[in-house]
Amino acid sequence: MTKRKICVVITARPSYSRVKTALEAIKNHPDLELQLVIAASALLDRYGSAVNYIKKDGFEITAKVFNVLEGENLTAAAKTTGIGILELSTVFDNIKPDIVVTVADRFETMATAIAASYMNIPLAHIQGGEVTGNIDEKVRHAITKLSDYHFVASESAYERVLKLGENKEMVFNTGCPSIDLAANILSSPDLDFDPYEKYGGVGDMPDLSKGYWVVMQHPVTTEVKEARRQIEQTLTAMHRMNEPVLWFWPNVDAGADATSSGIRTFRENNDISNFHFFKNMEPDDFLRLLINSKGLVGNSSVGIRECAYLGVPVVNIGSRQNKRDRGTNVLDVVYHAEDIFGAAEKQSQQPDRRKSMVYGGGDAGIKIAQLLSTLPLQFHKTIAY
Amino acid sequence: MTKRKICVVITARPSYSRVKTALEAIKNHPDLELQLVIAASALLDRYGSAVNYIKKDGFEITAKVFNVLEGENLTAAAKTTGIGILELSTVFDNIKPDIVVTVADRFETMATAIAASYMNIPLAHIQGGEVTGNIDEKVRHAITKLSDYHFVASESAYERVLKLGENKEMVFNTGCPSIDLAANILSSPDLDFDPYEKYGGVGDMPDLSKGYWVVMQHPVTTEVKEARRQIEQTLTAMHRMNEPVLWFWPNVDAGADATSSGIRTFRENNDISNFHFFKNMEPDDFLRLLINSKGLVGNSSVGIRECAYLGVPVVNIGSRQNKRDRGTNVLDVVYHAEDIFGAAEKQSQQPDRRKSMVYGGGDAGIKIAQLLSTLPLQFHKTIAY
Amino acid sequence: MTKRKICVVITARPSYSRVKTALEAIKNHPDLELQLVIAASALLDRYGSAVNYIKKDGFEITAKVFNVLEGENLTAAAKTTGIGILELSTVFDNIKPDIVVTVADRFETMATAIAASYMNIPLAHIQGGEVTGNIDEKVRHAITKLSDYHFVASESAYERVLKLGENKEMVFNTGCPSIDLAANILSSPDLDFDPYEKYGGVGDMPDLSKGYWVVMQHPVTTEVKEARRQIEQTLTAMHRMNEPVLWFWPNVDAGADATSSGIRTFRENNDISNFHFFKNMEPDDFLRLLINSKGLVGNSSVGIRECAYLGVPVVNIGSRQNKRDRGTNVLDVVYHAEDIFGAAEKQSQQPDRRKSMVYGGGDAGIKIAQLLSTLPLQFHKTIAY
Amino acid sequence: MTKRKICVVITARPSYSRVKTALEAIKNHPDLELQLVIAASALLDRYGSAVNYIKKDGFEITAKVFNVLEGENLTAAAKTTGIGILELSTVFDNIKPDIVVTVADRFETMATAIAASYMNIPLAHIQGGEVTGNIDEKVRHAITKLSDYHFVASESAYERVLKLGENKEMVFNTGCPSIDLAANILSSPDLDFDPYEKYGGVGDMPDLSKGYWVVMQHPVTTEVKEARRQIEQTLTAMHRMNEPVLWFWPNVDAGADATSSGIRTFRENNDISNFHFFKNMEPDDFLRLLINSKGLVGNSSVGIRECAYLGVPVVNIGSRQNKRDRGTNVLDVVYHAEDIFGAAEKQSQQPDRRKSMVYGGGDAGIKIAQLLSTLPLQFHKTIAY
């Protein structure tokens, strides 16, 4: 029997981390052949070259698609998507996948969804149905409407995809594959590497032995002009905190440059010897770093998702994770230095860690691969109501 | 006060006909400035050069966007959309509209929706919420999820857009602007022109004085290989009918070439002296032609929509208008010559015309312009559930 | 030893015919591996689907690139080239050729030249150095300046490429591979097929047994508005000639639509029962057709090139082949019905056929393959003066 | 009389500096209207946002074209050019220039040349005919073959363009407009600003009062892998020199990231308190900085061109300016720290400055504007031999 060809398109470092266990399960499944396409910022050095980690993890790359257009405005995001469609349709035409898989809701994932659905290739969407309230949400739900199979990560996401009119037999609450990784790590959670030595980065190297914070804050695309102010609030709060801070550089997005320059300016005007900046980290190491930290500050979905399972305290800032399901490990605050500082203090004083299974139990990758091997191949659907 | 700049993107001849009265109402509204962008097949000679009718109707063109990629496969549709995004984002960047309006559900309208929504320009969608069951439907509902305002054409469409999670204050059942045109024509319905003389076309010129049929059949994009067989069924049925047939050439779409060559081959092998072929017709003239015909055969939405209001008998073939609301003027059949012939016979024998208001009462254009002038400018939304 | 990978990009039907024997020689060479990329109009039905002939001739297609943008203006030619660069660079990145080969001077061949030279892939150009005096010439000489190896077709082309500052060791007068084909055919020149039966086409089927003319006239891109008038002159002349005419449909180019519509209009207004129209023909058959004809009328380079070797009388119209070397088989005229008619009459009265070796002796393909297998791989050059 | 519309496309910061006086002369000419299009890296923050200087200098921007594709390989340069063609052809279609002007030889200027020449817009090329021996040279001479008018900067360039077969009446040795600027500055050459204060930059701020060196070194695109090694040689040499060094960040190009990371690594491993890094500087200030420096080190064409007129000592490294005409102010060395150091020492010991007029006398801008106002509008040419 010929194997089903499953083409997964990875466009960013965090998307890779999120679906890594699903990729492994597809690769190892006897009835599936993995076609891995790496595109957009996942290929670029200044966003952490996810492609290198992917290779190091033993995956073979089927095709690379360079499509990030440089620019200091939102137009570049639209154009990047346009170029992505041009390129991906050629790739799909050549490698002829049986199913294309697209991940989450980054603006450029729309290119994958359009190329596949317009070419009558069955399209699977991982992580639809969630609510965040920004441009990502428009993208996410639009992709749901273009997709044929839905592998969602939580119960509320499952309900929402059904409400969007998708057919019940094609919607599955698999949990989030990122939790699989967290589950693996939790079995041996020690920080078994020196972050400075292994990942370099820039800035001073504060002593981590008495605890440290992790910060990961992305610009919010619909508030470009505010990106600078927002990053300054977090910088101010964590500077005042005066404990070691391991800060992760943001992803590519309109506004990313504002964030970067905000950080640079703050560095030039303040003694931030308690800060160290990283560009990226292997997913396993990053989770270990989180487990052993005092908590995560910022607006990354890792705080909502993996940290729920791991019980890591989180100060979640602003509207980016607005309406996502969350565990009791999260405190929400606005982009205001006082509030951020206060919430971090409060999290420091929690007596114990608060875990929850809201995003699945650690077997999402296996479930997804199994579904991909058995679901009927179809690209023709109609709304359920 | 500065006028609101309303940018409407027209990508095909039938879309223009559909929204013509809305364009007029926007143009004439004291608080609005119309920015008209013509793109895709609306610019091309072999699809009827809608752009020429648009100019003749007194509209000024703000920008033209050539983005149709030639090809005999579905990939070309994806690529056309990618190029459309690249080009339209440059256009929007230059003309800085306050609101962008996109029409219906053709594959390439997705380019308008993506460029506008990614650039944080409020997006209005005309004719969302309908159901047809083909690739158009994926596109239509995905555009709904990218849009900020919804001007729908029927009650069931209204309900469906709400179910899709859109906020009630932003959804409006305006009726379809194409009905406005039909309402105007119905006040003086005589066939006041000679179709052969005014529009040329090819083939013999059967005498129309004792009645004639109109045929308009589009290829169905998800069934490319069948396009040829489908067109032959209709050709066979109408050939057997042996009454004058005015046949309109299909639109650009994957499969269009199969349709064209199917017609050509049939012409070469049969005496089809009762057929005459047109490329296109001005919307007013086309409606007059329909009113005075024995009926419309094919799969055009005109049969479902304008013909409902006008009471023109329709033989609707296949799945293209699958689940759209319809009046009692429509008989549905599959792509089978026998059935098509039988249904046309049956329609011939109806004693009187059956009209309905299912797609509005003739004031959609005015309503849409009024809404565009008063709705709050916003591009940030979240799902209602 | 690994074989050198030679990537040839074919973008149009006539280019394929021209280099067919070179492709065969590359394919059969023990040290070479042929990578065949088919792009632009060579993929499209309405320009004769060269791709089908290519497959039928036993070549394997490595990649297809759809990049023809539809449009009724010169802008489309520029955009087609831009899209070609986007797509071909991805193709080259994936198949990693050792040498890229580009053919002649069609506008879109520039895409091949830019993608290869910008990516530091050694670039070979077949048929540089010729003179024609239109946009093709700008393109041709620009490609010469981007190319590393030059396989020219005549002595004057050889001299011209040297004058352009190319290094003598990289310029070779191989003759034109199209002549190889002509040489093969000339060994058994009978018209061994019925053109109507084998190729269909449209129009009446005049009896060919007492002789016939072949017409092939391309629009001249810098004179778009004149294309219509020009085609009418030839139609008028050949109509008056009143002998069987086998007319070949023009290639894609700005102006092609004017040509097509000119032909259609003439057909509608005149009894042209001595004309039959073909879209295309396999190269071998086309040459046989020429050998057995009374002569070729139009502006195709076949008249200048293959017909020289074959000694077929040619009426060459207008400036398209302006300054190309020619044999004594050619009479040059302007786009004027009288002159065209007169020249054809004159050619009819020639007592015998006039052959010449100005474009080579029939071994160009072999020579080119041999050079590709031995030339040093380099992409760094400097002008010779 | 309507003014001639002259569209100049600026794609990079150095190109702007080079033609600034020509832009002023066009803007001020009574018979000309300047249409200024800013594209590629000239729009981007990380390459010095030339667009901001352009606005500050009082020029109005007609259109912006974002077309730089991110990527760590040569493919991105090809794709950037493809996107440039797509975008620029739309721009030209909208603003309908009478003449398009393209500058020099950066890879992306090819997009301007192709869009204009394919659209039958007369094309003027500034700075053709020079020799450098790298990919720039292929681009430069190919653009000459696509151009209708040639405004060259030196006598040897003039001779070379003629040899390339261009018609004598369309080739003009105007001198280089960059020299005009140098001529203006030389009339009041004092360093009237504090570089650190006015331009920020990063690194220590060595005292400039006892002299300083300026370094500007671009990656050489055909030697991507060597870029890192090359930059290290210069860093080592200038570090050893132990005098203040003002280092200018390189332009966007394949290899630019290697250069940047080479600099960063060197900074991390060495005490480079005598180095200060700038991203960019206004052209006037940069020339003043050069006049008052001990000399320029690197491979910038400024060393060959403006420095000749100004008599600034130059250590020119490597092959980038290989065969360009040069004055006696230049010492050429290979990418080797010893040699670079030695040459800089030698330049330090020169008793006086050595000026030359090899690139013109300071009136190029005026000459170019005058020619643009009077040359016949034509886009049809043929090679001179």
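Labels for the chains are A, B, C and D, by order of writing; each one numbers its residues from 1.
To be clear about the criterion, a residue touches a chain if its C-beta (ideal position, glycine included) is under 8 Å from a C-beta of that chain, and two chains touch if they have at least 3 such contacts.
Everything quoted here is computed from the prediction, not taken from an experiment.
Chain pair with the larger contact count among B-D and A-D is A-D, by C-beta pairs in contact. Matching CA atoms, the turn from subunit A to subunit C amounts to 180°, rounded to the nearest 5.
Between subunit B and subunit D the centroid-to-centroid distance comes to 52 Å (mean Cα coordinates, whole Å).
If you average the CA atoms of subunit A and of subunit D, the two centres end up 41 Å from each other. Counting partners per residue, subunit C has 73, 75, 79, 83, 86, 90, 93 as the residues that reach two or more other chains. Under the stated contact rule, the graph of chain-to-chain touches is complete, every pair of chains being in contact. Residues of subunit B that touch subunit C in their complex: 43-46, 66-73, 75-76, 79, 83, 257. Considering their complex, residues 73-75, 77-79, 81-86, 88-90, 92-93, 107, 110-111, 114-115, 117-120, 131-135, 137-139, 141-146, 160, 163-165, 222, 322-323, 379-383, 385 of subunit D touch subunit C. The residues of subunit C lying in touch with subunit A in their complex are 63-65, 83, 86-87, 90-91, 93-94.
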